[in-house]
Structure formats: structure tokens, C-alpha cells
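First up is the structure itself, then whatever we jot down about it.
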């Protein structure tokens, strides 16, 4: 009998018996997890709770689960009415250790937030490339240097995917945690495509689209005002 | 005399006389077919029927037709006002056997819904790669294992495209159905590009865009609330 | 003295003295040209003229100009309220012959509308690939076969771009017109990227995005209705 | 102790002590910088200042900083209600020299606005390709030829990224300024992805999306009007 789990079916038709069921996923989705969207935006107008959306991409494997969620930038509105990026967006990676068959210990999850440039590193990885990224979550505080996180993405020897691993060394707690999640080529293609989609959004560039007024409703017809930046590079 | 059918013109200028006309397509579009869009969303506000859109990508060939349609995820609204993905989206593949010149038997169509990861498998296929995917549509029911669907994508020997095939073995009905549709490089490029476009949508990540308030209308100015996920990964 | 024309600057810093100025472009933009957008949609609500947008991508060269514009599909609204694609979208190519330095004869322009699959052929062209496409604009009329259009895209021998050529043979008028536009790698990259962007739109798949209600405004909470297509492929 | 600056962390884990802090970035964001969005649109309805968004992608290095911002096209509304592109959009590059550790002299910044085709040159660069672009910002004025800007993008010998350099020679002021910013593979991937995203927007093609009415609200049902362009290429 062939069982293919709904949220986990692999493109290579190799299925593991120890991966998580949908129920575990639902629990995960409801109780923990990144919020994305306007909850993190200063000018959120409908209250923080009304805007949250839970839509992570989850890879459940035998020893750990890896979850990706986009986090939008926040903006501050200036007195002039202009918006300026306040906090940069990211793609949040979450690692959760397995504690039995199809069970994960959400209390022990660890996070690593990819900046725009680190997303660039991920989406430019060739099939034989690897990369390693380091974070100090206490940077700029008195605990700077006490916690060290390192994320590594290394290709499988046979080119069939990658190992995505996180190590968190905490000198304050004297702990060292490691997570490693094998990611298939198909799963990595989803990660790349989703991160490429998310990248302009976490940079705030999707404002290009959102800010364009509908053609029919525009005022139109008024004279163009000189735009300084264009005066300086007039030939464009 | 050269005849090029409107919906079916090939980029290689090889045209088949047995392919379907626009009329067949229209019939197909109106009578059968996947609905996508908010009809599948729990919080659809204008009634399920008012929101449906029929816009499949259809490949009509001599022995069968292959049709692709995106299916959006459904969301459940929590009491807090947050949305959580309830049912994952997919890209629905439909195979319909030909029963004569330019005629297809829509009653005998079979479906295969690609999950996000399976879409990842499709869009990461190189020109000489193949992949095979298995589904059990009765999984978790008492009929689990009785029906087996397998989808295979195999490259033509000369690199000019792929065979996309579906086999459905039904042990309950003692039936075995097979469909095979040759797909040109140009048609596969459409499939890849359309699936890459659809992927963030079926994952629910396009909410990133939809949820962003228009800059001019935002409240703005209020203090930022600490966002737990960022506190835990403060350096990003 | 180096002159770089604003709308025509090449990435290779080779500029031609016979290419068109911005003024010619403006004239072109105002007087001729494809409309895209809701003007071609049956359910256009604000009248056909209020919705038109002129935003072609233009390549002006010595002997002819090539212009690309997306054309959206049209939809028909069924009594149920559903929308079905009525006329497929396309990417319209327009060729206009030069009649002197920086002058083009817009009366003699010829058009070739790329279907989704033909767009797939264009965007999947490798640097050494070529393709040829044939259209009969009078197909299905009494003049079928009397006019033959062929579009060819052929790589330059040195890999620095393509020749994009259109030939229109009209047996009724006893005419034969040919246009050939050399396209640089940079210009072709724009064509590919813009066509990849346009593809889901001309297929009607961007409705995925447009139809999603804002999270905050959704009704939510009602029970999910069984969706037939998913019942048939329940495991997804 | 490992310090990773929030906005500047490199994917290769090589960090420089002389790069800019977030504070410098904020100052930069508030005081100078490109506005994108409807501020540059003639039919901006809410006043020019209310629509500005500051969301550049910044690469801070030891000798100079490079900043990218999309600039939308402007449209003019015709009496018919149609919109026509008035000024083409661009991706604005800004180079700012360093004047000490983590300090940049914003008064001495120089700009170079990439047209759609020049964006095409950037996004089609292979890992070993280079390109050079020339602008004359005084073109068509009495100072034509007096100022010459040249942008070059050259790969590192080891394939680990590019040097992006700008030289501005001003014969009027008898000055010559040069900027060179080493860009990692990860940073260049962000530039490519963001520029590919921006390209349809600076061309005005995103109007395709914005102009589509919501399905439920459309009028629908009225007869289709013949669309001239399609009559001429009827087979599409």
C-alpha cells in the first residue's frame, strides 16, 4: 500500500514513515509561527491582530522541520506623508526538532531571519554551491558575541538537493543546538521561487505596484513638476 | 494552404490536423473545468458562484488533452481576526481522452493536483530530467490504497519537449486508464512560467502584496509594537 | 562628442545615427499603437476609451521598428456570475518600416500577435536557438490561405542578439512585405522578462491575485463547502 | 567576537569593519534619495508629497556606497481618457563616496538612471560577462557633450561577484569623479531579481494588472466591440 501524505509528498516518490501529518501541521500553524503582513507595519490601520496571515512553507523531515515565512518591512510615515522603511523585511527560517514519529517540539524551535542579501545568496546557489551565514542576535547589546548562530546550506553529494543546517551556540546558557534538514531539489525549487517572489516585498519595492492609482480615477492633465533626481540625470 | 489553429499554434510550425478547434475549447471551458479563485475560500464574501473564473491553459493533442488550472488555498479566520491556511492550494492537471478528430470525452477526464513541492519538481526539471509522482486519492479513508495515480514527465529523446502521462489504477473498479500528452518545449515553458507565477499564490504568500495598505491611506505615526519573532532574531 | 539617445541607448555603447528620436516615439505613441487593458474586456465598466493605456516596448533600428504590447484576454460573465475567458490574450508585435532618418511609416506597419504558447517559444529560446511561427489572419474566412505571415527569430552568428523578422505575403493584393529588426542581447532580455511577466496575464491567471479579498474585510467563519474538483483529488 | 551589521551582513561571512551602520543608513534614507511611486506621475491625485516611498537597496562598502531605487514612468491622460507614457521609468543607481569609517558624503553622490534596455543588459549578465554604458546628462542642451558618465560592470577574476563602477567626467567643471563598489554574488542576485521585478513596472506594463476590474463588480454581459488591432490579426 502506498501512502502519500498530503502536505509532504515528495517529487521523487520516496516517502518517509516518520514525517509529520497534517494534524501536526495545523497545530503548528495555529499555536506558534511567524506572522507576516501588516501586523509588523507601523501604520497598520485595522489593529495588529486583524491582519495576520499564517502561510508558512513547511518541510517536515525525520529529525527536524524547516519552515519559511516572509516578514514584511515596516514603514514610518513622515510628516510630509512620505513613507520610509523603518525595519527591513526578511524571510524567516524556523527549525524545530523532532521528538518522535511525526512529533515536533515547538518550544525548542530556533529562528534565523534572512536579510535581502542573504536571500540573494540562497537564490543564486547553483546545484553544487554551498553557503554559510552567521548571525549574532544580541549584537549591539551587552550580550553581544555571547550567542552565535550559523546557517549552512550544503549540496548533497549526488546533486539531489541540499542539507540546510542551523547551529546555535549560546555561551550564556552553555548550550549548543544543531538542526539539519535534508531538502530535495523540488523543495529547494519552491524555496528559491518563493524567496524570489518575496524579495521585492521584503525590500519594499512592491510599493511600486501598490501605489499606482487606477487609470480611470486619476486626476491627470496637470503640469508635470520637475523631479530633482531626474533633473540630475536628465537623459534617462 | 496553411492553417494555423488559433489556440493551438505550435512554435515549431508543425501542426496536426486532429487537434481541437476553438469551439471544442469553448464547450470545454463552459461545461467542465476547474474553478479557481475565491470560490474555494471560506471567507468568500459575495457568494461562491459570483467569483469563479475559468482560465485554464489547455494543450490539445491527438490522443488526449492536458489542462492546467491554479487552485487557491482556502483560509480560516480565527477569532483574533487572523487568517490561517486551511486547505493548501495546488495546480490542477486534467487529462481528457480524445474520442475522434477534435473531440474529447470530458466525462472520462482524470485529475492530478500538484502540491507546492510537486510544482517545485516541475519547474526545476532540466531538459533531460524526468520525474514521477504518486497520489492515493483515497488516503486516510477505508479505501486507502485502492486507487493509485501516477504522473510521469519524461523528456523526448531529441530534447524537443516532454511526454506528460497519467496512469490511474483503480482496484475497486478493476480499471486502468492511461493518458499521454506530448508537450513541446514552448508549451512546457508556458507550464513552467505559469506554475512559477502560481506557486506563491497557492502557498498563500501573495498575501504579502494584498495585505499592504495603500501608502496614502495608512494611519501611520503610532509607535511600533515589539514583534516577538524579531525580538528573538534581533540582528536582522 | 558622444550622443546617447534617451529611448534607445544601447548597452554596448554602439549607437546609430539613423535611429528615432523621442519625438518620433511620442508621435508614435499618441497616434497609433496597441491599446491594452480593459478596453478589450467585455465587462469594462467605465467605457472603452477611459481605460486605455499606451505602454509599448519599442526597438527603433535603421530599417524598421519593433514594438511589443500586451493584450489582455476578454472575459464573458455567465448568468451564474462566473467569468470565462472569451478571447485569449496575446503579446502583440508590430513592425514598422523606416522611411528616412528617424522616420517610420506607421501606415505600413504589420502586426503579429503571439499566443501564450508562442510567448513560451520566445522565452525559452537559448542564445543559439531560433524559431519560426506562421499565422493566417484570414483563417476560417473565405480568404483563408490568401495571406501568410511568418515570424522568425534567429540568433546573430556571434551570439550578440537576434534578428527578429516578419514576412507578410498577400496573394490577394499580390504584395510581399519584409521587416527585419536586429535585437541586442539586452533588448531581448527585456523582451523575455516583459513577456514572462505578461504571460500569466494574457492567460487570465493573474485573476488569482486580483480576486483575493483583503484579509481584514473577509466574512470568514462560515463552513467550507465541498469543492467538487477537490473531492476527486482529495489527497491534495 | 563576531559582529554582523544588520543591513550589511554578507553571505560569505566576510565582514568589513569600515562599513556603514544602520544609523548612517537612516540618515541617508531621510535626507536624500530617490522617491519612487506616484510622485513622478502627472495624475498623482493626493499631492506629490503624500505618495513618496523610500525603499532603496543599499550596498555599503569601504570606498563608496551603491544604492538602487526604481523610478516609475509618468503618464499623461489624453482627452479620451486614455493614458500614455510620458516619461519612461528607470532604475536609479546612486554612488556615494566614503569619507571615513562608516561615513558617506551624500553631497557628492552621483546618479545613473538605467533605462529598460539597460536593465536588460544588467539582468542578462552571465558570471563572466561585463558591460559598459554611457550617458550624456546634458544631451540636447547647449552643454551636450560636456559631461560624460560611464558605468561599467566587470566580473571579479574569481567569479565571486562584480565591480560596479561609475566615472563622471565634467569638462565644464574640469572634474573627474570615480566610484567603484565591489558587489558580491549574493548582492548581485538581489540586484538582478529586484531589477527583473521592477522592469515591467518601469515599462508601464504592470498596468495590465492594475487595470483589471474585480470580477464580481464588472458590468459584464454587453456585446463585444470590435477591437481594431485584433481585426488586423484576427487569428490570434
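Before moving on, here are some points about what is shown:
Each chain gets a letter, A, B, C and D, in the order it is written, and its residues are counted from 1.
Simple rule for what comes next: contacts are C-beta pairs under 8 Å (C-beta built on N, C-alpha and C of every residue); 3 or more make two chains touch, one makes a residue touch a chain.
Which chain is which protein? Per UniProt: A, B, C, D = Single-stranded DNA-bindig protein WHY2.
No experiment lies behind these values; they were computed from the predicted model shown.
The angle needed to superpose chain A on chain D by their Cα atoms is 90 degrees, rounded to the nearest 5. For the touching copies chain B and chain C, the fraction of interface residue numbers used by both falls below half; the interface is of the different-residue type.
Taking the mean Cα position of each chain as its centre, C sits at the greatest distance from chain A.
Averaged Cα coordinates give chain A a centre that lies 24 Å from the centre of chain B. Look at where the CA atoms of chain A average out and do the same for chain C: the two points lie 34 Å apart.
Multi-chain contact residues of chain B (touching two or more other chains) are listed as 4, 6, 37, 50-51, 53, 75, 81, 83, 88, 115, 135-136, 139, 206-207, 209, 211, 215-216, 235-236. Residues 73, 75, 78, 80-85, 88, 115-121, 123-124, 131-136, 139, 144-145, 148, 196, 199-200, 203-209, 211-225, 227, 229-230, 232-236 of chain B are the ones that touch chain A when the two sit in their complex. Touching chain B in their complex are the following residues of chain A: 1-13, 29-30, 34-55, 57, 70-72, 74-77, 81, 83, 86-88, 90, 92, 111-115, 135-141, 184-190, 193-194, 197-198, 201, 206-207, 209-211.
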